[in-house]
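Remarks on the structure that follows.
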Amino acid sequence: MGSIFGHTFRLSTWGESHGTGIGVVIDGCPPRLPLAADDLQADLDRRRPGQSHLTSQRGEADRAEILSGVFEGRTTGAPIAVLVRNDDARPSAYEHLRDLYRPSHADWAYDAKYGHRDWRGGGRASARETIGRVAAGAIARQLLGKVAGIEVLAWVSRVHDLVAEVDPSEVTLEDVEAHPTRCPDPATATAMATLIEDARRDGDSLGGVITCVARDVPAGLGDPVFDRMEADLAKGMLSLPAAKGFDVGSGFDAVAMTGRQHNDPFVPGPDGPTTASNRSGGVQGGITNGADVVFRVAFKPTATISSEQDTVTTENEAVTLEARGRHDPCVLPRAVPMVEAMALLVLADHWLRQRTVDVLPA
Amino acid sequence: MGSIFGHTFRLSTWGESHGTGIGVVIDGCPPRLPLAADDLQADLDRRRPGQSHLTSQRGEADRAEILSGVFEGRTTGAPIAVLVRNDDARPSAYEHLRDLYRPSHADWAYDAKYGHRDWRGGGRASARETIGRVAAGAIARQLLGKVAGIEVLAWVSRVHDLVAEVDPSEVTLEDVEAHPTRCPDPATATAMATLIEDARRDGDSLGGVITCVARDVPAGLGDPVFDRMEADLAKGMLSLPAAKGFDVGSGFDAVAMTGRQHNDPFVPGPDGPTTASNRSGGVQGGITNGADVVFRVAFKPTATISSEQDTVTTENEAVTLEARGRHDPCVLPRAVPMVEAMALLVLADHWLRQRTVDVLPA
Amino acid sequence: MGSIFGHTFRLSTWGESHGTGIGVVIDGCPPRLPLAADDLQADLDRRRPGQSHLTSQRGEADRAEILSGVFEGRTTGAPIAVLVRNDDARPSAYEHLRDLYRPSHADWAYDAKYGHRDWRGGGRASARETIGRVAAGAIARQLLGKVAGIEVLAWVSRVHDLVAEVDPSEVTLEDVEAHPTRCPDPATATAMATLIEDARRDGDSLGGVITCVARDVPAGLGDPVFDRMEADLAKGMLSLPAAKGFDVGSGFDAVAMTGRQHNDPFVPGPDGPTTASNRSGGVQGGITNGADVVFRVAFKPTATISSEQDTVTTENEAVTLEARGRHDPCVLPRAVPMVEAMALLVLADHWLRQRTVDVLPA
Amino acid sequence: MGSIFGHTFRLSTWGESHGTGIGVVIDGCPPRLPLAADDLQADLDRRRPGQSHLTSQRGEADRAEILSGVFEGRTTGAPIAVLVRNDDARPSAYEHLRDLYRPSHADWAYDAKYGHRDWRGGGRASARETIGRVAAGAIARQLLGKVAGIEVLAWVSRVHDLVAEVDPSEVTLEDVEAHPTRCPDPATATAMATLIEDARRDGDSLGGVITCVARDVPAGLGDPVFDRMEADLAKGMLSLPAAKGFDVGSGFDAVAMTGRQHNDPFVPGPDGPTTASNRSGGVQGGITNGADVVFRVAFKPTATISSEQDTVTTENEAVTLEARGRHDPCVLPRAVPMVEAMALLVLADHWLRQRTVDVLPA
């Protein structure tokens, strides 16, 4: 279990890093939405390896094929199946990992759970699995963008100790895509690139933070108690490979503030109440309040490093590992479309769910 | 929607702060588990108001009645319904809030969503709603404790700028319960109590951090991709009132480390691989690895404060609010059993789910 | 598990025949719907024992208390909890059943599944459990009736070999309620009552068929493949105690027809296509087509009879049982509101789900 | 929505009759199960067109490709994706159906629901969609057969007015496969084949009944109230194209019996209670009792016939239709593996769910 996500806009993903391919089935996309494979490709291109010297050099075009659910250029309401074939799978490159467990990877935990493990490049635990999510997120983006008018944008706001200055309410996709780090603060972006290059040369890796904003979100999305907007976002984000933390609005910084400092005063807006500040991050009581939804995701340094490491074999004996796979010294730039995808999926689900609430006149 | 949680161990909660009462139905508790109302009361007593001068003085005994699912002292496998009547509901105390929106509360967001709001003490958005979760969590605690041998313990590790020193692998329930702050570091606990009292007198409020550990968790719990252990924990925690952030293991601190510093080396253990450090927080690839599961939850300062605040009426007109309800100047002490409850519910669900994986011999 | 039903309009039921009471929590009812306990009572009264000499004489008023989710006479969107206390529970009357398994009851199957059984009047397996469904169904009836304009009506169309003549498109609630058998064909109703009385005097019991119609159902409800309207109706009906079969439209009678005889020709209607006949029973490809939804449910003769029967003890030893509990010699009259309840719940769920499809203009 | 089925053993299907192909993703199959594409092919071959002169002559090999979830010949616990490409799609053959609604097909209902319809051979509403179910059912068959020892077998027990004599406890797969009708009563099978041939020549079609048995089912499978074994079976069966009715055990025949005639007496068996008769059809109170699970499914005569029919255009104007597509004059022979597939999927799901009940010793 575990590979199905969503309540009303549901996706089911499958595929392993060095298997036949990766795919996703989306059940619950409304009919009549214009959709073509090209609509998925922009996001998939932002996720794929080999975009720049900062990322893994695995050679994958990651071309998406839409197998069902679209007819004459529009969705039919039937499940949309998307397939991306693996072109550059090299299982033999992982033969040396067959009988040992890489530190801070899922190898041992998967063996403990399943007792039969696809050791080729992490198998199902590889970040390559996120192709399905990004493809589904791109469909959610079409829906939210064309019908609901909601925009979702993420960027690298920190790498190691380098923190960018970015205004969440103003930053644009062009700003983000202007630099291969996906940091829209040019000076910091340049420094980040240098730091990542240095880490790579040193056989090491770096972590960081991605910030994400959803703009023009109507008030009223999210459900009380368990399916709060921030709860579903947190689940989505912590389901991403290498994610270690999530916070919304003021987040962990709220801890050092007092209630008087932290509360967002309401002020009369043109179409109803608005807040003078946004420490709530656009959600109150789990439900959007009309302000920008803003949250952060912390990522650890890539577990795969080109340095010797102590570990154990599958026979529980000590051994030394030197990693040799193709990998990213810093996952942050490629994690940006993954964060957006999960945010888009959560928002699309709740936007559709709100339809079932808006039945009787207020 | 939004009030049902869990896949295999499922709960459905209901109730408002100043309505008839609060309750929960648990569907999926295995049969033959010894259970009595007293087993719920210990956790409910840790959650209820009026425990100390640090918490709200609302006078509620919060006595749980088990209405179904238990026969001759043991569960039957049928749904377990638990009811806690509200004894000290005072709706009239909230009459002045009927026509305005309290800052950083759910008032406006609920009205935007539902168009018809129970304004009595926050209604469904009140933290009083968590009674159902804590009762269900207490049942999960019986199951995990008696059958799986898993222990879950949380404590206040920070209030405002006061940070406690606590060893997650050694701290005990007695340590936590020794002080009304639920901070098991005595010197810090005393300072926290003073800080909270000062805030109350000043009409202000404070936030903080709760740390939680699950010990003796077998390797193999959690499901890949979307239902990762840390993803489900994150959802559970961010579903708690006033929660702003979650991180697991090294969490946001991982950002400042490099891969060489951060990776947990495997070392041969007596019963299989173990890790020399635990920056993974007991989960790798979303699945427990046998180490302690350790995570943190950030809580904002209580939104209800005894100070004047700017806000708007339901007619979108500016107005000044002075709060008068009974409230906690710092939610942290009472949030400890809530955090434990959500962790217990997530762990119980995944522990039961693992049964469906362990079908064929490894 | 097993006590939660529905996807968007979800209910969670609990309670045993001779425990504290019976209840239900409905999560997903839209806000702003006028609702009071009296709205539930009419259906509960049609379900409760002791209505006539044809039914069990257990003395239960079955008064519903709404514990949450309704404020100032209208739903708030929060979960609606309903409680019915058991007033006339007599567990001691079942002491003689503690150590044996009643034929064609759930006693042995429950013991095989759970290993710990509430033997008091069937416990969770008692038809008294349906109170929760009928209460939830009454809420669905308010929603469908007041907002969607859909009407659901069921009646006893056969008892043993007595078959009523009823026009599904014309029969009214008044017709159904005119006779305690709930058969709207007066002559047949009278004969049914005599037959049931005879069976009772003879220590025997009878089965029969209930027919149900949903009128003014818009075209487009139901989902392809697994969640077809007739599939969800079938699940709902076969989940009722004593139900043995379900068919829709022509049903089992379709078997003896040829395609030319069976197909429903389309004819132009005032607002779109209509069918000249309704052998489809209002569903085509799992989706409503605008015609009346018509289906039948077969019920077996009551398993509890006042005659000696061969059975075994919990120690697997042969024994003779003479039943002594209060029971219905024919469940059909009281099953009518149960059938309606399940139909209402399925229709409400799909009616709400259709909102998430109708997002883009056709 | 509607294309995801199951709680613990979950499948997600996709694909249209004349699109790229048909597929399914199974999430929740336990790891370590031996599995190869050949294990799926036997069932797919029984379902595919062109097996005999009694079925559609569409030329499809229906070769299954397993794209994920299997490594070195055994399942890994990850989602299993299966793809069957459409080889003989002929969309142009359906051009004449683009602008009209075929009687008793889903054409109009789909348009009413979605407003944008894939008119090529029924699109998603085609019985070709069941390929995904049959592939998933074949995996469930491996699991149930190799691990649980459960066998599922269905056969054609009636076509039009021809009723076969078959003993559900003795009939074998060889008996069923001995004749292209899949009726294991040879004399009746021969008569059925003649009747079907006659109907085809006459431009007409026939319906019938399939009976299915699950043998060696342990007592205790199924869940009370909503997820009863017979309720989930009923949903599965009524989700099949052309299915009109379902009954279990005595089914609709129970109506004409009295309680004394109908009850199944318990008798001491070697390993616990058994029943002297099986009118319960192997389920009591929704839970299996250890006896054979036996049920029937009614199918209508194929809606596609080679005769002129009255219908309407998409513009709601009367028109005459003469069908020209390739089709089966009687769906029963090919529906046998579909019925088995749904039964296998329901049983596998409940067999796995029972693992979460069997946690504490009885």
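For clarity, chains are labelled A, B, C and D in written order, and residue numbers in each chain start from 1.
Rule of thumb we're sticking to: a residue touches a chain if its C-beta (ideal position, glycine included) is under 8 Å from a C-beta of that chain, and two chains touch if they have at least 3 such contacts.
Computed from a prediction, not measured in an experiment: that's the story for all the values here.
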| item | value |
| --- | --- |
| Pair joined by the larger number of C-beta contacts - C-D, A-C | C-D |
| Between chain A and chain C, centroid-to-centroid distance (C-alpha), Å | 45 |
| Whole-Å gap separating chain A and chain D, where each centre is the average of the chain's CA atoms | 39 |
| Centroid distance [mean C-alpha coordinates] between chain D and chain C, Å | 26 |
| Touching two or more other chains - residue numbers and ranges from chain D | 1-4, 7-8, 13, 28, 31-32, 77-78, 113-116, 124, 224, 353, 356-357, 362 |
| Graph class of chain-chain contacts, one of line, ring, star, complete, other | complete |
| Chain B-facing residues of chain A, complex | 1-5, 7, 13, 101, 103-110, 112-116, 124-125, 129, 158, 160-161, 199, 203-209, 218-228, 230-239, 241, 243-252, 254-269, 272-273, 275-276, 279-281, 283-290, 298-305, 307, 309-312, 316-318, 353-354, 356-357, 362 |
| Contact footprint of chain B on chain C as seen in their complex | 1-4, 8, 10, 12-16, 19-21, 23, 25, 27-28, 31-32, 65, 67-69, 71-72, 74-81, 83, 113-118, 123-124 |
| Chain C residues within the chain A interface of the complex | 7-8, 28, 30-33, 77-78, 143, 147, 224, 352-353, 355-362 |
